[in-house]
Amino acid sequence: MNSSKSPLIVVNLKTYLQGTGEKAVTIAKACKNVSEKYNVDIGVSPQFCDIYQVASQVDVPVYSQHIDGIDGGSHTGQILAQCVKDAGAIGTLVNHSERRLTLADIDSSVKAAGKAGLSTIVCTNNVNTSASAASLGPDYIAIEPPELIGTGVPVSSADPQVVKGSVDAVKNVNEDVKVLCGAGISKGEDLQAALELGSAGVLLASGVVKAEDPEKALEHLVSQI
Amino acid sequence: MNSSKSPLIVVNLKTYLQGTGEKAVTIAKACKNVSEKYNVDIGVSPQFCDIYQVASQVDVPVYSQHIDGIDGGSHTGQILAQCVKDAGAIGTLVNHSERRLTLADIDSSVKAAGKAGLSTIVCTNNVNTSASAASLGPDYIAIEPPELIGTGVPVSSADPQVVKGSVDAVKNVNEDVKVLCGAGISKGEDLQAALELGSAGVLLASGVVKAEDPEKALEHLVSQI
Amino acid sequence: MNSSKSPLIVVNLKTYLQGTGEKAVTIAKACKNVSEKYNVDIGVSPQFCDIYQVASQVDVPVYSQHIDGIDGGSHTGQILAQCVKDAGAIGTLVNHSERRLTLADIDSSVKAAGKAGLSTIVCTNNVNTSASAASLGPDYIAIEPPELIGTGVPVSSADPQVVKGSVDAVKNVNEDVKVLCGAGISKGEDLQAALELGSAGVLLASGVVKAEDPEKALEHLVSQI
Amino acid sequence: MNSSKSPLIVVNLKTYLQGTGEKAVTIAKACKNVSEKYNVDIGVSPQFCDIYQVASQVDVPVYSQHIDGIDGGSHTGQILAQCVKDAGAIGTLVNHSERRLTLADIDSSVKAAGKAGLSTIVCTNNVNTSASAASLGPDYIAIEPPELIGTGVPVSSADPQVVKGSVDAVKNVNEDVKVLCGAGISKGEDLQAALELGSAGVLLASGVVKAEDPEKALEHLVSQI
């Protein structure tokens, strides 16, 4: 996946009721349709309990919203990378701003994902922590200023420096790590701006999941690339 | 389910590799077989990502290992009661010793489970906290002294006072709440002792999940009731 | 202290700059002055690093803002009851809404405080959790609806039911536990209303700490009892 | 302090009863005596409640065991950098293995310390996280493999690679950040080995605090440099 030329777009379904159960499958199908029509990589990140259903019904890259950096064993209510993988996911978010981890746990989560063959998107909140996360060797870093999440104000225009700065800082530490950005992204021009700032794609959520017609919202996003 | 006369046995699969993916389905089938043969209630608590697969393939009561006390919305990597319910679970563990919650969050988890129609088993560590949890109105309280979990030393013989004391203290606060016990339970005599101390059943894990033949281990457990 | 007839008022200095270092000592002196003039119990809860200074310079009951339920040993950055006691505190808040603990940790904190001879004020957020905390046997429970904290809208008039309900529920579980209330309290009429609802006093913070003249604010609070 | 040539030794008193209250002051005096006699930098890290007493009675560099990355305001039971500074500390540990923080919080703690004029020692657990922490610009990184803490088995001989690897990785990211190491350090030869591996000093705890004679233990440590 890392070798792909087209931007990566990951739609985080969070725990939105509009993206739970059967509705997760519906949005995943929208992702697949738009992905094929416009030849872009679009992944979906449903709740844990929906991963199996989405992955077995729709041919779309599925990302877990989180994993714990544990091995199989005596851990109740934790997320085992192997279980996520067996359910059909191909990757995982790590350290999303709504599920922050300790530095030691981000490191062990990235390692556990690697062992299980899952790609990793480590979320960060500023230039410093983006550089910091790059040392842990994830596939992607997703810079998302928490104060812009869910606002509809796109990071790519509200704070271009944090995107550009993260791209540069990450490249400085580890050239193999790509940078996504997120927070407030919903329109084609937001994605366009994000790519021009050097990011390899975007993470988005409410702009698609809570849209009246998620498929149209996605088309609107990618049709201008 | 609360009106059932027979003891309730819940097999917690934790994140054991022996209870992940297809193997979760296999153990669930063992639970169903033994349940029918001996006319006892046996539930299974798989990892989140395995709930859908287990519940859609085996007619057995499925319990989530944890839920968060949240409504649908902007929460990434959290466990929404409705999603767990849609995936096929009929209940959930709350506050397991390997997934402790704040008091406020136990309260909101029990409420969220109730709204979604999930029964609740709140785990506690001593007599005081069992009494405390009873005020929150769960269906069951499961007293499990953490120092005995995974030891093979059964709580029912190692610390009968904590079981008896919890049964009495919980009844004092709220007569509608039943008490389970757990930690080190694996043999028929452990279950027998637990029931004699006033508990309504047991929570167990490694004794079944890591057994060479989980179905035989379960038969061994319930055949002497 | 539990045998006192007059209401208990605890001023939580939080991490307000207006209540840090020398300014903590100044507010503690105001507490002492007003306490003596109006014959009411007024305690102060400074930051950990200020406990020694406040307790050694002012003859006022000092409460820690939190303790951990640990014994002496290999714990870095934790709050040991004995250390808090040695520094001069006579009690501690436990489970404040800005420092929530697991149920097991509230229990061990209350026990650790008891062993060290510190009185305990366990904070709760609703009637259920107030009843729940009563089973752990603290000296006081302080019911503070989080949504009212810092608003200036007093719990005693905005949500009298949560105060009255907590007083009744706590008495039902353990008659020895007294109930305080907090959130939005700043005026004499708020305190008056709180006492009429059956509470034994109040917890307050910004209304005094951020007042132009904390001593006058305290006088204003207690002069009408 | 950063410009000092001699190694830095920080004695973490943790919550050991042997290092609480008056005993914290006694150990601090031992640090000062040995520091002057052997011309090495020796700092002490007492519990929060003991910082004021230690700093006002002994002329020794005092480090807090933790700070939170907050500004003054409505935070109860949190550690404000300014309060720690006012109490007399000159620096702080951050992210000790017994007080892990999220990546975002390590970043904000280092920034809050900087604003308050406190130097920072960020603790890490392996080479990857050491490199990671270097991007946050602390004064020191202290690499301490958690599995060796409190064992008496010194990191410098049990796992020299993690020390050497951290020194190299940190230098690669930020040349201004010095590396300490810790875990199991108690003898002169351990310190010697640590310095030869490129570290700028050591963090130690039980080897001094629980020694029959802490001053002799410190002399034993530094007399061979």
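Each chain carries a letter (A, B, C and D) given by its place in the written order, and its residues are counted from 1.
Everything that follows uses one rule, which is that a residue touches a chain if its C-beta (ideal position, glycine included) is under 8 Å from a C-beta of that chain, and two chains touch if they have at least 3 such contacts.
On a predicted model such as this, the values are computed, not experimentally measured, just so you know.
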Via touching chains, chain A connects to chain C in a minimum step count of 2
Farthest CA centroid from chain A: chain C
Between chain C and chain D, the Cα-mean centres are separated in Å by 33
Whole-Å distance, C-alpha centre of chain A to that of chain D, is 37
Each of the following residues of chain A touches two or more other chains, namely 97
Contacting chain pairs, sorted by label, are A-B, A-D, B-C, C-D
The residues of chain D that touch chain C in their complex are 12, 14-18, 20-22, 47-53, 64-66, 70, 72-80, 82-84, 86-87, 93, 96-99, 149-150, 205-206
Within their complex, chain C touches chain B through residues 95, 97, 100-107, 124-126, 128-129, 131-137, 169, 173
